[in-house]
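Labels A, B, C and D are assigned to the chains in the order they are written; within every chain, residues are numbered from 1.
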């Protein structure tokens, strides 16, 4: 697999062409906007956490490169329905994998999100892959505070 | 002669210890203050030009290194009584000698001021040697304009 | 192979190409490669005889001192300025800020009243500005109550003299504009705008970052009041740029940055400033960088800037030709056949600029993706980012061909139907 | 031979000494020599893989990118700052101006009202300031109507905590002072002044140009709000320095210099700025210089700053001892036996400082003569200029001995009777 194909795995290209979880973030209890100032990519993520602390609903909109769009899409599949604590733990794992420069193997719990492993070698793209995850993290923090 | 002895010739050290032409510059018709901001040396030169265009009287005060003081002193001896045009010509010759990096031999007309030839090799000291001469030049320009 | 003769240039003059003879470097608009002479000018200077430049009498010292003192002369001569009209700055951004902050101080009464702006006075820029030639004027307007107006760009990202004419009025005090746009490659009609400014008595500021490295530029002939450019875009080091200003203006513009070496007399209450250029050069200067800058200008001058321009005209034509025949790729900026600098920014239908950039990078082609510090222009184009190829003296037709080849494969890779 | 062990230092690490093993360089207070590792860090970076730092995937690129990104971490760690608290600047002078201009903008309503100064507010500095830490505050006072007060120095050029206490009042909004005086070598009682500032709610700014290169310095432990220092005085390149600021202050201080790379969203009307440190880093940064700065800090850290300080304490003692036993030479600054940095400024009875300097230069001893950008201090001493010897890590006792020898011959050469 060439470096590039390792970055743009089939799963990622598929998600970028047909992103999951799109919808009106403002309709959720909490929403948060994230911008990558270096390229203009942006995502607004919305989430509603139910009384048991589970993500009852999650929707986002945004524009950007295939990595940022696919990553938000895969995350939507993975974390919709998860408990707040579980979701935060997955976000941490995802971040750790990306920042490891390839030294950290993705945990099984990341499921399809493991496909973003190849991003770790492209320092300039880590921010793209994190965009949606960081936005959800902010929503969950806010929901915990209220 | 070592480089240093070529800079600090006996004549220069003598003049710096016993400077000529000192007196109240404000008592002259024209006076001008020159400062070397890099070291704080300063000279106020005063000159009175008579109706025939000759320097009837010339006095200065100031403080500074031996080069600047000796140079003002030697200039006083050389140019008191000279015509304005002659004086301006000598000032030009002196400047040219200093800026030549040693390539221009002093003209005989510079008399004792030729002793400053060694300064040409010390770029940092050219401004010191010029201080009094530049101040006189300004007085003469002013006298010509009035 | 280069398009037209740049006789004295050897790609191997550049350590980058010596190490990577096959590299396709098309990001000179962001920052350029440096010839070995520029690198060694600095290294030699900071090595064996570093301290000596300040004082001393050895032969080596004399040479280092001479190198430093003459660097300003050489850079000034290169852009048609007197020595007193060329100020060292940290870069072009710093230079533009120095003008804006100086006028701001003048407006607060800390310097020449002639330069002061009052509420309602107008500053005119273009919608094509690099942020460096936009935000400093926004801040100046906010400080003084002046109004910032702008000439809009069209669907191709171009602004026009007519548009400028509509924005300029007797209230206009300052017009700042890009000599060459870093996104579209559009070349400004400088003489016309200087004429327009003269009609209303406005100052002119030229953002010359993308012109000075690529064509003969003589600021005094052009007649602008101020100009700014950076060494790192013209084969020189980072950490240094230059502010050009007409001597009589520089002597009265208040220095925004104050400190050592720019003064005559300082008391605890008050400081008197030196004349230009030194009044703007507070503190220890980028000494070795100035020497590197001098070496960069020497290298360019040895090629001849007219030859550089005709070489790059050839590259520009080839870029336009290559891009316009690639399906699904839209070229912004001047129409094919029209004058432009050797800059080509494109939008690939269906593929985000970042993904295009990553693909080209994988094919060994270095270009730039993003808003290129020109968000308003990109907003007008309706895209957040473009893909920009930009050339310099060492760019050749093979570079363009390999760029074109890779660009042609992008949409297929990302599965976009043609 | 060094006074105390600086085990890892080899003079030949410095190309200057490799070329001139007998050089007596006592002008490190002005600018320092650089080890080969600093020079080659830059050269390696700008050579074969220059462009690559921005994007790309080769191993060399990865290393260059890593070098650039970690330089800030390393410089920040060196002075006890978080990464977000360390801003690259063009130098210390630029850093101090950035604070003063930022507060000026805040006072004009362009940013945090907390930082705004009003007419009658007071700024306190010392009479020992370098012009870089004086004129920017004069200008800020002039812009805002604030009053600039100062602590006077005594006949030896020293200022005191008591003196500072007399100038500080509830109207004091900012206290700026030199950690180490570049003329007297006096070391400030930082903790006491920070305490004094806290009592009245004033900000503190530390001019750390002459401390960071010579002793362990931890700004967060010291508790100052802002600090400034330059790379070229600490074995690093010219063209770069740093501003330290507590994160919560840097996030609200308006950026004086605006342009690319310091923004989030820009429209023609308005720009939003990034958080610190990037909000202060407009335009292309001194990239290779940052890498050189990182290498300089690595070199110093490998020596250990406590060991550097005790080495230089030995040099300071030797300087004081040598100077005080030379007839007709007056040492200014702290009394013999009192704490001082390895800086000794002297006045030679009957010989102008410039002439002393020329004589020493002829004997192969490089020192500095002049007002050292501290005219008010020299006015207080009653002389226009002094002769300054200043040390760094590579200075040894032989240097001091040869300086003493030459100094002993000066008056005789100029025919001054003892």
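Operating definition for what follows: contacts are C-beta pairs under 8 Å (C-beta built on N, C-alpha and C of every residue); 3 or more make two chains touch, one makes a residue touch a chain.
In this text the structure is predicted, and so the values were computed from the model without any measurement.
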Could you tell me which pair, B-D or B-C, is linked by more C-beta pairs in contact? B-D
With chain centres taken as the means of their Cα atoms, state the distance from chain B to chain C in Å. 45
I'd like the Å distance between the centres of chain A and chain B, where a centre is the mean of that chain's Cα atoms. 78
Quick one: report the Å distance separating chain B from chain D, using the average Cα coordinate of each chain. 38
Express in whole angstrom the distance between the two chain centres, defined as the mean CA positions of chain C and chain D. 31
Note: chain B residues in touch with at least two other chains are 3, 122
Do you know which chain D residues sit against two or more other chains? 54-55, 57, 263, 265, 362, 375
Go through the chains and record each pair that touches. A-C, A-D, B-C, B-D, C-D
Complex contacts: residues of chain A adjacent to chain D: 3, 35, 37, 121-124
Which residues of chain A touch chain C in the complex? 2-4, 7-8, 13, 17, 38-42, 63-67, 122, 125, 128
Touching residues of chain C toward chain D in the complex: what are they? 15-16, 18-20, 25, 27, 30-31, 33-34, 39, 42-43, 46-52, 54-57, 90-94, 96-97, 101, 105, 108, 110, 127, 130-132, 134-136, 138-139, 142-143, 148, 150, 230, 232, 237-240, 256-261, 263, 265-271, 282-289, 357, 361-362, 366, 373, 375-376, 379
Complex interface listing, chain C residues touching chain B: 54-55, 57, 62, 65, 263-265, 274
Any idea which chain C residues touch chain A in the complex? 351-355, 358-359, 362, 369-371, 375, 378, 384-385, 413-415
